[in-house]
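Next come the structures, one after another.
Okay, so chain A shows up in both of these, paired with chain B first and chain C after.
This part shows the complex of A and B:
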């Protein structure tokens, strides 16, 4: 197993290299001269030259130890992303935003997965009944209602009218307090699509002969569902669940905006809005690395839960 | 590990990471709770050109003069100056004594971290910095061609290398006669200079701070104001605390008629500020902002368009539910003009007047005011707001402001002829990204599509939008100007060719207009000067470098625990602008309100 993990990790090296090459090409070659963008149309040549000097855009692109490409690599590998356009170190921005973002997305993620997988099992078991149809109907309705409506509704009734949660972020509040409502809204909105997906997965499994055999042997429902069906349905669940984890890092733009959570979703959108290449570059790189790492974890999980997938 | 254990672990980790900070309820601190609709761009006084940054930074920096808090009409009074300036007979030399004992806020840029005493040379340095081309100040327009020798200093900075600009280089018209005396020599008479000396960018700057922080100065404001920056979490909130070095400044003892009855003189003669901390939360969306105000988590606010009906009843009074909550309302006409600007350097727009006029004819301003401002506004026919001295009551005659789609279509035919064929797609830039700006954008693009123009909308956050204007990166853009001081001369700058691209963001240029501006700038307030202003306005109306939209009527609401509240039309939104030091917050009243309504 260790050899398998090491081998999979070694495979990630060319992928990370590819990501760095791609971001470099996109931001430096395809995107045009960043210094001109920063300096603006009416800037003097001296100002443009100063900006080039400051950000190192006057260095050769490739063929030198001090080239822009090598420096791009160095900064990525050392996680020293320099300063954003507003002069604040990029890493400081990310460090500050990652806590609130994860506080929002991690509970949301677990809430959605646990509730939707459990409910999917139950609904799959009672397939074809009124309860099944009712749940599917609610799921479709939930998926059809715009995300923003849930936010406005939740903020108005749960926070303002009933006073169960704070309406908005406040620096004086504990983090758990101001992320609670957005987490709840995130779970409710995420349930529809996930529940339907897991229900389909479970239904496919329920139709298999081994389930009929298990029931015929007299095993109780709980044991059949949670020990046999769930275990066999793990491959699609793992694929969906583990690959969603890297996106947790990116936060949730609308929830962050409406509830004032100072997270990374907000940071990323702001950076795009203000053409802050340095922040966009850092966020793209970190997201890509996380995606690669969690792909490896997915592969390991496959091998752990499915004996047909070998570590060899 | 089972899911339940994972969730439990996550919750525990989360709880461990959640450090509850001491709120107002847990200490005796008096906190003023402000809100901002957009992010602050900069807190470097010399480099501020927008209202949001201006409002916030004005709590940290003081200028030589300010407006009397209570007296109306607006009266200029000394702030860092010890008295009003001594003006030479020819009106060219201003000698200003500076208060002794004023100290900068403590900061690590000073020796031992202790703020040093303010000197006249700090003004000289600050103003030279505005003139320094390399410092990229947005505010050179304030001093351009005004002070003897300062333009030459600017030329010198153009030729010198960055970081090698010699600030000790003498400027004839800008000297510190001694530590407490500033002498300004003008090139020619400039009667509006007193207004400019109340304007934030003219605040003094400590050279130690500029040298120590360099480009980071925008994040580290060091001023002499009543508050100092504690935390600036960009995009989220700003926290300021009382500046312990703040000089002894007393609440005014005189006001205007009715101020005493309104309780505005209760604190007469008491030392300011009355609050310990100011928290500015950035709340771009209307719904949370309004709900927070109703819950008592924001002290002062404007009224979002969708909540107007909840707040205001027929007859423009507060609704019963607002009165029950003891919420107060003030309404006044703002000295502002909002417009849709055209970049006159754009190769298609700049040379095609029928095209610009067609765009102007496409907008139904009455509907715009009704939809987005609940009728709180007047249609703009020119750039001088109706509430300002100098407004032309006959401005409607000759104005290009009208809603006439049929005329617009006819004008577009001429525009196509001038263009030599079909018109390209245009880009319309909006100054915000929230829901309301998107709705406004839809209104504008639909209006233009109805007359046959293709438009691509661009929604930018406030700092990016300003940067785009500064770099002439816009084509058609939504904009506005709120007067900095009660003189129409301020409005003339937005079309004066020497002020391109800021504040003349349409990059409009007309020698005849420029001549009138230069002529009026030398004159004292008089009917002759007003005539020149009106003539200049007519020229702009004829050339149409923008489509004038409306003048806003501002409604400000505040809770009854905010004492000493008196709106100032030249300090928009009342959310800062150095006014916070006058406000008193009754914490017990707020706590009682929270108990009842939160």
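This part shows the complex of A and C:
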């Protein structure tokens, strides 16, 4: 077991290396020296030189201990991402944004999972009927409406027109009140794809022999569904749930932008607008690390839960 | 010989995977309706290219023209009213089709061109080559998709590549294409691993076919239906990605696109100007719905093992 965990952890090293290589190629080789853009139009050569010095654009790319390549790795491995374009340390910005982002994404995520799994069970209960087809149709239709339209119309009607929720974030509001509407919109948009996925999982499970046995024993549908099918369907559900957790830290780019919630998504949108490669780089790296860690956790959980998974 | 015996002697004519799938597909009325909708969108986009090339003065090409006063609500005159500059929203929506279809098509081509050969090579050769390719796509897939696309789009924007400036939609479809090949690469690799032990590959090898011929003439055509199924569904994601990128200001700047229209509508909605928003939403909704339903039907027809129902 310990050997398995160690081996699994060793596998993450090339992935982290790859992510760093990719961000280096993207932001340093392709992105290049952006000191002119940082300095603005009327900058003196001295200012530009200072900026080059600060961000290390004047250092050699490779082949030196003080090269941009080595420094890129150093800063990532020590989690020291320097300063963003507005002179605030990148890490402080990120730390500040995690709270509001999680306040938005965690309730949204659990709302979506709980509602769609229970609805999927109900749909599996009435499979093959008109209701089933109707639910699938609504899901597909929901998936086809652009995310932006959900947000804009939700904000316009529920908050602006009918005044059920505050339209915009403001610091003196209670968290529950400004997060409520974005969470609601997030749940509605997420429902289509998720419900369809969980429905497929349930129906795949229904085709197994043990379900036939259970029915043959004379159990009623409710008992088969909740006692037998749900337990077995838990494995794909848990995988999907655990692997979605790292994405919760990212916040929701568009929801945060529309409702002015100062989370990580908002930070990202701002960074895109001002072409702040340093923030985007740090966000990319941190979310990749989180993803890798949760991937290892999922694999270990699998090995613990499912006796068919071997430790090789 | 009697007539009866004659019919027995005739060997039953075999149907290929494609013929078989097509027969099943044509029987689905809803899927056929959806196909018509998708084809209409493509025809419109193609027509706009032709019209622009020959400089035909049809409506959508003249989207920049003022047709009335600013913010005219929908009327019998113009179905979707006018925007702030008095331009027809209907024309802008129609023109946006061209942008969206172009981006989604180019992104699909790029990701198929990268993903399919890489997946086939990894699955066929295994060993060291496989490990490198798996490493590359594991790396890409460990970064959240939306972040990856945004990072590519931000960096590629206004860069010069081979003396060609990456303005507007070029950087958008490059960003989407370069990041979206992972899924298809993984699928093709898995399928090639299964297929390469089949008899037809052994037969090809015993004829003395070169490895390249086996991969590109024998293996890839036999797994290509997976690519088509995958992309009929992925196309929707590409269209939505283009909308989000344009909305964030990373897309086409000078010409109307659905994302830019939604971005305009963000401010207009509070003034009660809803038509631009509705027009863009409907345009996206119909092609997405049609592609989603058609893609599902295609999957069910071509690959009964993957059947969802």
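Rule of thumb we're sticking to: the second predicted complex is superposed on the first by the 268 of 312 C-alpha atoms of A that agree within 3 Å, B and C clash if a C-alpha of one lies under 4 Å from a C-alpha of the other, contacts with A are read in each partner's own complex, and residues count from 1 in each chain.
We take it that a residue touches a chain if its C-beta (ideal position, glycine included) is under 8 Å from a C-beta of that chain, and two chains touch if they have at least 3 such contacts.
Every value quoted in this text rests on a predicted model; they were computed, and no experiment measured them.
Participant: Looking at A:173, would you say it contacts chain B, chain C, both, or neither? Reply first, second, both or neither.
Facilitator: first
Participant: Looking at A:33 after the superposition, I want to know if it touches chain B, chain C, both of them or none. Which is it: first, second, both, neither?
Facilitator: neither
Participant: Tell me which partner A:15 touches in the superposition: chain B (first), chain C (second), both or neither.
Facilitator: second
Participant: A:156 in the overlay: touching chain B, chain C, both, or neither? Say first, second, both or neither.
Facilitator: In the superposed model, A:156 contacts both chain B and chain C.
Participant: Examine A:273 and indicate which partner it touches, taking first as chain B and second as chain C; both and neither are also allowed.
Facilitator: Both partners.
Participant: Who does A:92 touch here: chain B (first), chain C (second), both, or neither?
Facilitator: Touch status of A:92: no partner.
Participant: Give one of first, second, both or neither to describe whether A:66 is in contact with chain B, with chain C, with both, or with none.
Facilitator: It touches nothing on chain B or chain C.
Participant: Which of the two partners, first being chain B and second being chain C, lies in contact with A:141: first, second, both, or neither?
Facilitator: In the superposed model, A:141 contacts chain C only, not chain B.
Participant: Answer with first, second, both or neither: which of chain B and chain C does A:50 touch in the superposed model?
Facilitator: First partner only, chain B.
Participant: Which parts of chain A are in contact with chain B and also with chain C?
Facilitator: In the superposed arrangement, which is not itself an observed complex, chain A uses residues 152, 156, 160, 258, 273, 275 for both chain B and chain C.
Participant: How about chain B: which of its residues touch chain A in the complex?
Facilitator: Touching chain A: residues 3-4, 6-7, 10-11, 14-15, 17-24, 39, 133, 136, 162, 215-216, 218-219, 231, 233-237, 239, 279, 281-285, 287-288, 291-292, 294-295, 297, 433, 459-461, 463-464, 467, 470-473, 501, 598 of chain B.
Participant: Quick check: in the complex, which residue numbers of chain C touch chain A?
Facilitator: Interface residues on the chain C side: 135-136, 138-140, 142-144, 146-148, 150-152, 154-156, 159, 236, 240, 243-244, 247-250, 258-259, 262, 265-266, 269-270, 274, 277, 280-281, 284-286, 288-289, 292-293, 296, 308-309.
Participant: Taking the complex as given, what residues does chain A use to touch chain C?
Facilitator: 14-15, 18-19, 21-23, 26-27, 30-31, 140-141, 143-149, 152-153, 156, 160, 200, 203, 246-247, 250, 253-254, 258, 268-269, 272-273, 275, 277, 280-281, 283-284, 287-288, 291-292, 295
Participant: Residues of chain A touching chain B in their complex?
Facilitator: 39-44, 46-47, 50, 86-88, 93, 96, 99, 103, 106-107, 110-111, 113-114, 152, 155-156, 159-160, 163, 167-177, 257-260, 262, 266-267, 270, 273-275
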